[in-house]
Structure formats: C-alpha cells, structure tokens
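Each of the next two complexes has subunit A plus one other chain: subunit B in the first, subunit C in the second.
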Partner chain A sequence: MERSHGFWGEAWRRYRRRPLAMAALAFVAFLVIVATLAPAIAGTKPVLCRYKGRIYAPCLGYFDRRLEPAIFTKDKFRGTYPKNLAEKDPASWAIWPLFFQDPYRSVRGDEWPGRPENPAMDQGRPSWTNPFGTDQAGVDVLAKMVHGTTVALLVGFVSMGIAGTIGIIVGAIGGYFGGWIDMLASRITEIVMCVPTLVLILAILAIIEKPTIWHTMAIIGMTGWTGIARLTRGEFLRLKGSEYVTAARAAGAGPARIILRHILPNSLAPILVPITFGIASAILTESGLSFLGFGPPPPSASWGSILNGARSNLGMWWLVLFPGTAIFLTVLAYNLIGEGLQEATDPRLREARK
Partner chain B sequence: MPLLDISNLVTAFHTPAGRVPAVDGVSLSIDRGKTLGLVGESGCGKSVTAMSILRLVSAPGVIESGSILLDGPGGPVDLVSLPEPQLRKVRGGRIGMIFQEPMTSLNPVFTVGDQVAEAVLLHQGCSREAARARALEMLRLVRLADPERRLDEYPHQLSGGMRQRVMIAMALACEPDLVVADEPTTALDVTIQAQILDLLADLRRRLGTAILLITHDLGVVAETCDEVAVMYAGRIVERAPAEKLFRRPLHPYTIGLLAARPDPDAMATRADGTTVRPRLTTIPGMVPSPQHFPPGCRFHPRCGYAHSRPGPDGPACDGGVPELRELEPGHFVRCHYAGSLGEPHAVGALST
Partner chain C sequence: MTTYLLRRLLLGCVTLAAITCIVYGLARNMPGNPLTAQMGEDPSRKITAADYERMQRAYGLDKSWPEGYLQWAGNLLQGDLGRSITRKQPVTTLIGERIGPTLLVSGTAFVLIWLAAVPLGLYSSARSGRPDERLTSLLLYALYSFPTFVAALFLQVVFAVWLRGTAWELPLFGMSDLPADAATSSRMLDIARHMILPVTCQTYVSLAYDSRFIRANMEEAIRQDYVRTARAKGAGPWRVLFRHAFRNTLIPLVTLLGLSLPSLIGGSIIIEQIFTWPGMGRLFFESIRERDYPTIMGLTLMFSVLTLLGQLLADVLYCLVDPRVSVA
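Presenting the complex of A and B:
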C-alpha cells in the first residue's frame, strides 16, 4: 500500500499534475529568488569587497542604507565604487553584481571600464548596455525592475497576510459562536465591503505626511479581508456541526482548541484560494496606484512607477512593455496558482478524478 | 447511589414551527460497571438523551429541566448545571462517547495516533511522548491490527471497523467511568458489528467501565446489556433487567417490538400443506412527530390493547399520562393496563 501523506500531501500530488500551475509556482519562486538576491544581480555596489585589510558587503545598502559600511557612505565614494576602491587601496578586490547598473541613479561614463554613460529620455531604447532601456533620468530599467520585485512580492504577501489574518479571525469567530456575535461580525464585514479601496488609499495617502509602500499594503490588507471572512464563516458554519467536531467536544476540547485544531485546518484549503487571488489583485492595485503617481516615493522602485514614467513620454515604449509584462506575468502566475490550488483541494473535483 | 442518575430530563428544540420536546421526562440510572441498553425507533429521542448527558445538544435544542447526577469521589455533580470548564473535564475524562458514524467522526487532517493522543493530552497533564505511548497502548487494547503502523495513518486509510476501534480507543483513553455509545455498530457490517460488540463487552469487563448502549437493534441489546430501557416518543415506556424484558415484556410497544423480530426458524403451513416463511409482524401506524404527540399514552393510537373509555381496571388510554409503575421488582412499565392487557383487538377499533 502506498504511504499517504494526509490531506496536504494528496493536494500537492494533484497540484503537481498541472503543468501550468507548476510553471506559475516556479515563476513565483524565481521572483522570490530575484527579490532576495536583487543587490547581487543588478547594482553598482560590490557584493563583497576587501578594502584596507577588511572585508565588507556594501551591497546590503540596497536593502537599507544603514547596512552599508560607514566607511563607504560618503556620496563621493559610493558614487564610483570601482574607481575609489582601486585608487585608495591598490590591494583591494571586489565581487561585483552580475549586472553593473544602479536602480536609483544613472551610471556615469567613467564608472566601469568600457561602459558608456547611460542615455536618458527617448535615447534610452534597449541596447546591450541597457537591455530593457533607460528611463527619462537615464536609470536602467532592468536594474529598476530587479529591485522592484521586492515591492511586487511584498505588496502581495503583506497585504494578503493582513487580510487573511483579519478575515480568518472575524469569519471564524462569527461562524463558530453564531448568534449576536455572528450578526455583529457579518455587519462589520458588510460595512467594510462597501468601502471603495482605491478612494480610501488615495485619501489616506493624501493625509499621511510621508506615505510609504507599507501604508498602501496596510490599507489594501485592511479593506481586502471581507471575502475571506465570508468564506471562513461559511466553512465554520458547515464544519461546526460535523461529526468529528462533536466528537472533539465530547472528548472535552474547548472552543479555542476546536477552532484552531479541528475546524481551521479543515477549512484552510478553500480559504487559501481567495487569498491567492487576493495577492494578484493587490499587486494590480499597487501597480495602478504607482502608475497614477501614488506609489512609493522615488528612491524605492516599483514596477508600476516605471510605467508612470511612460505616461508623459509615450514614445518610450520600453517603459511600458517590460514592467507591464512583468506585472502581467506575476498576476497571471498567482491566478494560475489559485486555480491549481482550487482544483487540487476541491473534494468534488477530487472524487470525479478518481 | 448509581454512577449516573438521570431524572425527569426534558430536552426540547425550539424551532420556528414551535417547541419540539424530543426528550420528555426521561429517568434512567446506570450502576458502575453495568451496561444499560436504550432501545427505540428512529426519532424516539434516544440519541438526544445521549447528547444531553454531555450537554452536546446544539441550538436550537435546550435542556429545559431535570437533573443528570454523576457520582464521583467528591459526591455527585449535576451535569445539567455544571459550569462549562468543569463539564469539559467530564467530557472525555469521566464520560467517553462513541458515535454512530465512524467514517465521519474522525478528523480527516490528523493521524489516528494524534487523535487518540489528543484525548489523553486533554485530560492528563503528560508529555507528547507519553500521550503517544498511551495512544499506542490503547490501539493495542482495542485490537487494531498492526497498531505501530496505524498510529501514523490517516482516517481515510482505515476501514469502518478499524475506525470504530479507533473511536473506542479515544473514548476509553482516559479510563472513563461511563461510555455512552450512540449506535456504535449501526454503520458497520454484521460481522464487524459482532466484533465491535465483543470488544466493548470485553473492555467493560477488564476496565470496569459502565456502558450506555443506544441502539435500535434488539439483538445487540440481548447480547450485551444487563438492563434495558425502551423509549417511545420521548418517554421511557419500559425498563427491566434484560432477561426479564425479553422473557416477559409487559408494555404493548415492547411486545410489538419483540414480535417484529424476524425468527429464522419460524415456518407457517399453508392450506395446501406446503410451508413458507411467515410474513414479518409489524407495529401498525407511524411514530408520531414530536409536534403532534397524542394525548395520554403516546402509543395508544398504534396499540392493539388500548381502551378508549375508563375500563374496569384503569382510565382511558387517551386520557391521563400513565405513570412508570414498578410492576415486578426492577421491572417498570408505563401502561395503565400492563399485566392485564387482555386480548388484542384491531388497531383503531378501541374496545371499551
């Protein structure tokens, strides 16, 4: 007899049989790798360097400026790492990112041997030096996109993390306890459902003095949980009368244990599906906001803000094509994952396949 | 005092169509180590009685009155009024429960070992390893084949009989004083039924656990029970030691139930001399719905012995509610005419 791995093992086995869903999962995994390794893929700061007898990792400055060793933080130094390292310490060495282009500034002509200055405006069409072209200010689009991957992924995960947590808690409490508690939870859900997300985000970003990407994520999360709450409530209503929940009660389990150990694991599969679709729509919302110019402020790059650059320069088609394709593929990937998950965990479809 | 003493339990469901008293003044008692069979047709309230004991009746069902006294070291406690946290200690700790549907009573996402171990962990402050060891011990005790391997398997990998063994292991894991078994064998094959009943009887002897066995199967009762209570339309109609009840049933309903059992040896002779199997005897009519219980004795519309007017020995059957009388020592009957029923007549044509 084949050893079974329980519900999730079975679901994974069925998921694996869908090539499109697997490709989508691979694509998201690829994005995660790109996001984590972004400073080593594209940048102008050494991944690792030896300078005056010590080893440094200046590329960490891309994650947070404070992580860049203080010895390099003067703009004069940071601007031209290759020249300065060699001039001030002939014995120094450095491991450079795969692709020498900076996501935040235009690369000058004298920075890297044999590399010309980045063109700007409509001169910046794709070339060998800048495969995806450059934007109005001459910043390399590929570098911007590599570093913008983090934002795209974070928006999805953080906002749906918030939405999932709120939605599951509200839905679980309403569905399990019923009565006036359910009434209250359902009415709150309906009220939040009426709030137009985009307008709320625009309003709040206008109020906040220094809006960051985190504000956007928090608002998307705090308005996007209604569908999840409704679904969770339904699942809890269905499962709380099930025989194994009664059996657990008869064994002396309290409400917390029944909710967390007995009902939630059994209702998680259908809840994960809207969460996955939610990630896709959160990415779209963020891109839309950035496109309209309400995205993260300039230093941090997002795919949507690259699109924004094309708004005033319609001739720069590369500013639309590459980030647009990236957004499209990512959203498509999440939708395919959600669909795969749905088919893999749906008990009706499962039995039909047997 | 007995281990469990239920008196005048009333459990009603408050539906939009009105109050439905599924259990209407049930009194029962079970002594330590004994087996009480609670028998009745579907819908007579026997499962609701079982669920009421652990207060598992869910809304809109409410226990309206009565008491359920569980005797313990610190004196008897009333489960009807016991606060929820203490009640949780009783559930699974002092009273275990086995359900009818082994296919759906186990949580599909956890392994068998986890579920039995959870029952242990809930009541005994021990480590996970100790709980797991106890789970293995319990699976051995219920004679599950290959327990080491089963411990890490999921419910869907087990057959119905195996799952019911796991349920029994869960119910007995904390060595309860009482096990409430709600139709534990109804969903199983006949051969598996016998195995499970043997197992229950064997465990009762070994662990000294009292059992409340709820069933509609009189054969099961005859094999396993010390005492039997027959329930009809929310009330106990007859209660007696098992052999007494089967030898000489006194309530017309019980008489009808026993007569309705198929007898494999019975043969009827036809006019032409050939023998055929006789038709099965049935009780005419239908079980009344709880919203429309007949007045007086609730069985009288289906009873072949019913009297429509006060007779020489008692009142009319559709008049006053008959009391549960002790006709012989230990033999209780809820019938005005029990013991002097006379000849049966056609149902509906009430004699005077």
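Presenting the complex of A and C:
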C-alpha cells in the first residue's frame, strides 16, 4: 500500500514535476551559494593566510569591516595583501580567492603578477582580466556583481519577511474578528495602498540621516504588505465559518489558538504565493531605487547601482547587459517559483491537470 | 445603492485625510526646505539671513507641520491647491501642463495593451497546452519579469547609441527637439518619434500581465458547466470561447481596468525619469527633490483620489455587469 503524503509532501511532489519551477529553485540556491562564498570567489584579500606564525581569514572583512584581523591594519597593509604579505613575512602563505578583483576599488597594475591595471572611464570593455568589464572608476563589474548578490537576496527575504508578518497579522485580525476591528484594519490597508510607494520610500529615505541597505529593506517591507493582508483577510473570512473552526471553538480554544493553530496553517499556501511574488517585486523596487541613485551608500554593492553608472554613459553597454540580466533572471526565478507554488497548492488548478 | 455610494465616499474622505496628513508630515520632515534645496544647487541664489526669514514666513515654512497641514487642508476645502514654491506657478496649472504628455504616453500604451492583450489571452487559452502556446506564455512571462528600467536602458543603448546615424535611430530623451513654432505636422511626427521608446517600455510589462490575467480567468470559465453545455449543444470552439466563456470573464477585467486608473494618469516615475518625459511622474520626482511641498501634496492628493475612485469604480461596475453581486 502506498504511504499517503501530507499536504506539503503532496505539494512538493507536484512542484517537482515542473521543470521550470525546479530550475528557478536551483538558480536561487546558486545565488545563495554565490552570496555566502562571495569573498572566496572574487576579492583581493586572502581567504586564509599564515602571517607571523598565526592563521587569519582576512576575506571576512568583506562581510563586515570589523571582522578583518586588526594586525593587518596595524602593519599598514592598506588593503593590498599580495605584496605586503611577501615583504613583511617571507615565510607566509595564503589561499587566494578564485578571481583577483575587488568590488570596491580599482586594482592597480603592480598588485598581482601578470595582471594589468584595470581600465577606467569608458575604456573598460569586457576582457580576459575583467570578463564583465569595469565601470567609470575602474572597479571590476563581475566582482561587484558577485558581492551584490548578498544585497539582492537579503532584500527579498528581509523585506518580505517584514511585509509577510505585518500583512498576516493585519489580515488575520481583521478577517477573524470582523466588525469595527475589520473596518479599522481595512482602512489602514487602504491608506498604505493609496500612498504612492516610491514617494513614500523616497521621503522616508530622505528623513533617515544615514540610510543603509537595511533601512531600504525595512521600508520596502513596511509598504509592501497590503496585498498579503487583503488575501489573508479573505482566507480568514472564508475559513472562520468552517466546521473545524466551530469544533475548535466548541472544544474551548481561544481566538489566539484558533487563529494560529487552526486557520493560519490552512490558509498558509495561498498566502505564500503572493509573498514569493513579493520577493520578486522587492528586488525590482530595490534595484529601481539604486538605479535612480537612492540606493545604499558605496560600501554595499547593489546590482541596480551598477546600472546607474550606465545612465551617464550609454556607450558602456556592459554596465547594462550584465547586471540587467542578473536582475531579470532573479526576478524571473522568484516569479516562476511563485507560479509553481500556486499550481502545486491550489486545489482548483490541481483538478484541471487531471 | 445610494447609501452604499455615500458611505464609500465618506470613508474615502477619511482615508484621504489620513493619507495627505501622513505625506505632509513626511514631506515637511525631510531635511531641508524648498529654499535651501534651491540654494544648494545654485550658489548665485544665496540670500541673506533676513531675506531667508522673510521668505520662510511668506511661504508659511516657519509654522510647525501640523499647523501647515491644517492650513493646506483649509485652502483645499476652498478649492485652492496652493502655489508651487520653486516654480512660482499654481499647482493646478503645473498639473494641467504635465497631464497632457503623461496621457499621451500612458493612453497610447493603454490602447496598445488592450488591443494586444485580449487576442493574446484568448489565443493562449484556445491553444492551451500546445507547444506554440507554451512558448508564447513563457515569453510573456519572461517579459513580465523584465524590469522596465533595464529594458529602457537596453533600448536606449540600441536605438540611440548603436543605431546612431542610421534611419532607425530614435531620440534618447525629451519630448521634442523642434522649436515650439515649427509646423504642426513635423512637430507631431517628432513627438511620435520621441514617444516610441517610452510607450514600448510602458506597454510590454502590462501586456504580459494582462494577457496572463485574461488567460487565467478563461481557464476558470472554460471548466464551468455552461461551457460544457454550450459544447454539448454543438457550438463551435470559437463561439464557445467568445460567446460563452469570454463574456463571463469580463467581470474581473473590469476590476483590472478600474485599478489601472491611477497609473494611467499618474504616469510612471521611473520611465518618465529615464526618458526625461515632461509628465506627472517626473514632476512628482522633481518636487520631492526640490522639497516643493504644495506640488508634492497636490500630486499625492490627485494620485490617492484616483486610486480610491478606481477601486470604487471597479466595485460599482462589478455590480452593474454581474447582477449576482450585491453592493452590501
């Protein structure tokens, strides 16, 4: 006899049958790997090195400047490792990143044996040393994109985490309790929906003194929850009259328990779909903001800010092609995952397939 | 129906008051004000401290923001949207100037979208599951995921840089290169040439979205009993598709139409910004940068009124086309 699967097991079985959705999932997994290994893929700081008798991992400095071992600042390395390591400690060794280019500065000619200086201005077309070209300041585009993957991924997860939480809470409370609470929740949703998002984001970013990428994510999250709230409300309205909810209430469950344990798990599948689509649109919003010049300040690289450099010099097509394709593929991947999820979990669509 | 409309309108006014209050508070709390924003850009416009005080008072910038908001709302009730501080023109005149160019682009795009989306949606539901439909759907899906600003940059690189000097070259930005006194026909042709790229950018995303929307609704309609009945009584495939299924999907389409009202008149900030198209979206962007509070408020008000009206329109039309739905 075949073992029966749970709802999610069944959904996963159906999701797996869709090659495009699986490819999209693989692409996002690939991005996660690139983002976590970014300093080991492209950088100018050793992944691991032995210096004056101890082993260090200077590449962690790419995640956070404070993680870079203090000894290298004290010994005046000034960010250039290959020569300094050899000069200051001849017995040192180092494991270097796969690709010797820095996402934040131009690489000079004498830094790495056999590697010429990065071309600056509009001369940096793609070549063997810079496969995706360099920008006006001579910074390698591939290195920038590898390190920008973190931003692209975080924006999606963090902002939709916030939006999902707010949306589910507002929608669930409005839908479950009804009456004036629902009225209030619906009005708040409507207000946030009517304010033009971009205007809201631009205004809030202007008010924050030193906006970082985290602020951008928080604001995108705080403005992007309306669709989720409306859907959650609808699901709750539909389910609160169902028999199992009445049964739970008869058994003495309080509203919090009914909402969290009984209704929410049953309405999670349709709510997850707009959250996935929301990740795609959060990435679009963030890269659009960076493109308009309202992105995170320099130390954090974002794909959209590379595009911004192309606006002033359209002859540099490589500043459009590579980051543009990356944004497109990521957005497409999340949309495909969302659609796969929808088809796998929506019982109405399920019947149609048979 | 009348009580319903009245209730909706009243609620809408409350919502509007809340929205404008929030936006006014945000705008006034952005660092700087219209006077300093102007001075920052142009050092020759530096003014003395006494003049600055005087101008601040003249524009009511010395008051706190709640006071300023009440004053703005009071003027609004008397039908006065105020004067732009940086452009020295009434806000209504400014909006009147910018609404034409925006409508030109978004209206053209709107017509193109619906002319193409309906046949595309019907086509893909008629040939559902066949290889050609799969390919079209995948392409449309890819288009839908393609960011407009990337597309705009690509189009600019191709048509304004690579094809420069050929017959295919298209202007990079602006609305017209000809002086205002040029012959009407050549001016119109020039504007049309400038419109091609922005219209393309605005069309393709919605086209992909709308045709997918139509298809999704058709898929649902096709599974209904009345479609089976129509087939059983011997109606041809196209007749079933048009007369029986499509007409029943008009209801959600009407909602979509209502919801696209604000973007039709409000324009797209990013597209107008890239192509420096002198429309509403660009005005919005510039007024935020210039801290031009009256213009920000006028545009916010217009945008939210349109959004609310669009929703109301969608709901009312919904009951009109579908007698099964009641407004309560």
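We take it that the second predicted complex is superposed on the first by the 348 of 354 C-alpha atoms of A that agree within 3 Å, B and C clash if a C-alpha of one lies under 4 Å from a C-alpha of the other, contacts with A are read in each partner's own complex, and residues count from 1 in each chain.
The working rule: a contact is a pair of C-beta atoms (placed from the backbone, for glycine too) under 8 Å apart; a residue touches a chain by one contact, two chains touch by 3 or more.
Everything numeric in this text was worked out from a predicted model, so none of it was measured.
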(request) Could you tell me whether subunit B and subunit C fit or clash when both sit on subunit A in the superposition? (result) fit
(message) By the touch definition at the top of the document, which applies to A:243: first (subunit B), second (subunit C), both, or neither?
(response) first
(message) Quick test of understanding: once the structures are aligned on A, what is the angle at the Cα centre of subunit A formed with subunit B and subunit C, as a multiple of 10 degrees?
(response) 80
(message) Between subunit C and subunit B, which one touches more residues of subunit A when both complexes sit on the common chain A?
(response) C
(message) I'd like to know which partner A:266 touches here: subunit B for first, subunit C for second, both or neither.
(response) first
(message) Just to be sure I read the superposition right, which of the two partners does A:123 touch: subunit B = first, subunit C = second, or both, or neither?
(response) neither
(request) Answer with first, second, both or neither: which of subunit B and subunit C does A:73 touch in the superposed model? (result) neither
(message) Going by the contact rule set out at the top, does A:165 touch subunit B (first), subunit C (second), both, or neither?
(response) neither
(request) Could you tell me if A:212 is touching subunit B, subunit C, both of them or neither one (first, second, both, neither)? (result) neither
(request) Using the superposition on chain A described above, determine whether A:328 touches subunit B (first), subunit C (second), both, or neither. (result) second
(request) Check the superposed model and tell me the shortest C-alpha distance between subunit B and subunit C, rounded to whole Å. (result) 11
(message) Does any part of subunit A touch subunit B in one structure and subunit C in the other, and if so which residues?
(response) none
(message) Can you tell me which positions in subunit A touch subunit B when the two form their complex?
(response) 1, 4, 6-7, 178, 241-244, 246-254, 257, 261-262, 265-266
(message) Which stretch or stretches of subunit A touch subunit C in the complex?
(response) 20, 187, 190-191, 193-196, 198-200, 202-204, 206-207, 209, 280, 284, 287-288, 291-292, 307, 310-311, 314-315, 317, 320-321, 324, 327-328, 331-332, 335-336, 339, 348, 351-352
(request) Enumerate the contact residues on subunit C facing subunit A in the complex. (result) 11, 14-15, 18-19, 22-23, 26-27, 29-31, 138, 141-142, 144-147, 149-150, 153-154, 156-157, 160-161, 172, 219-220, 223, 266, 269-270, 273-274, 284-285, 288, 296, 300, 303-304, 307-308, 311
(request) Give every residue of subunit B touching subunit A within the complex, in rising order. (result) 54, 56, 58-59, 85, 88-93, 96-97, 99, 101, 104-111, 118-119, 122-123, 153-154, 156-157, 167, 170-171
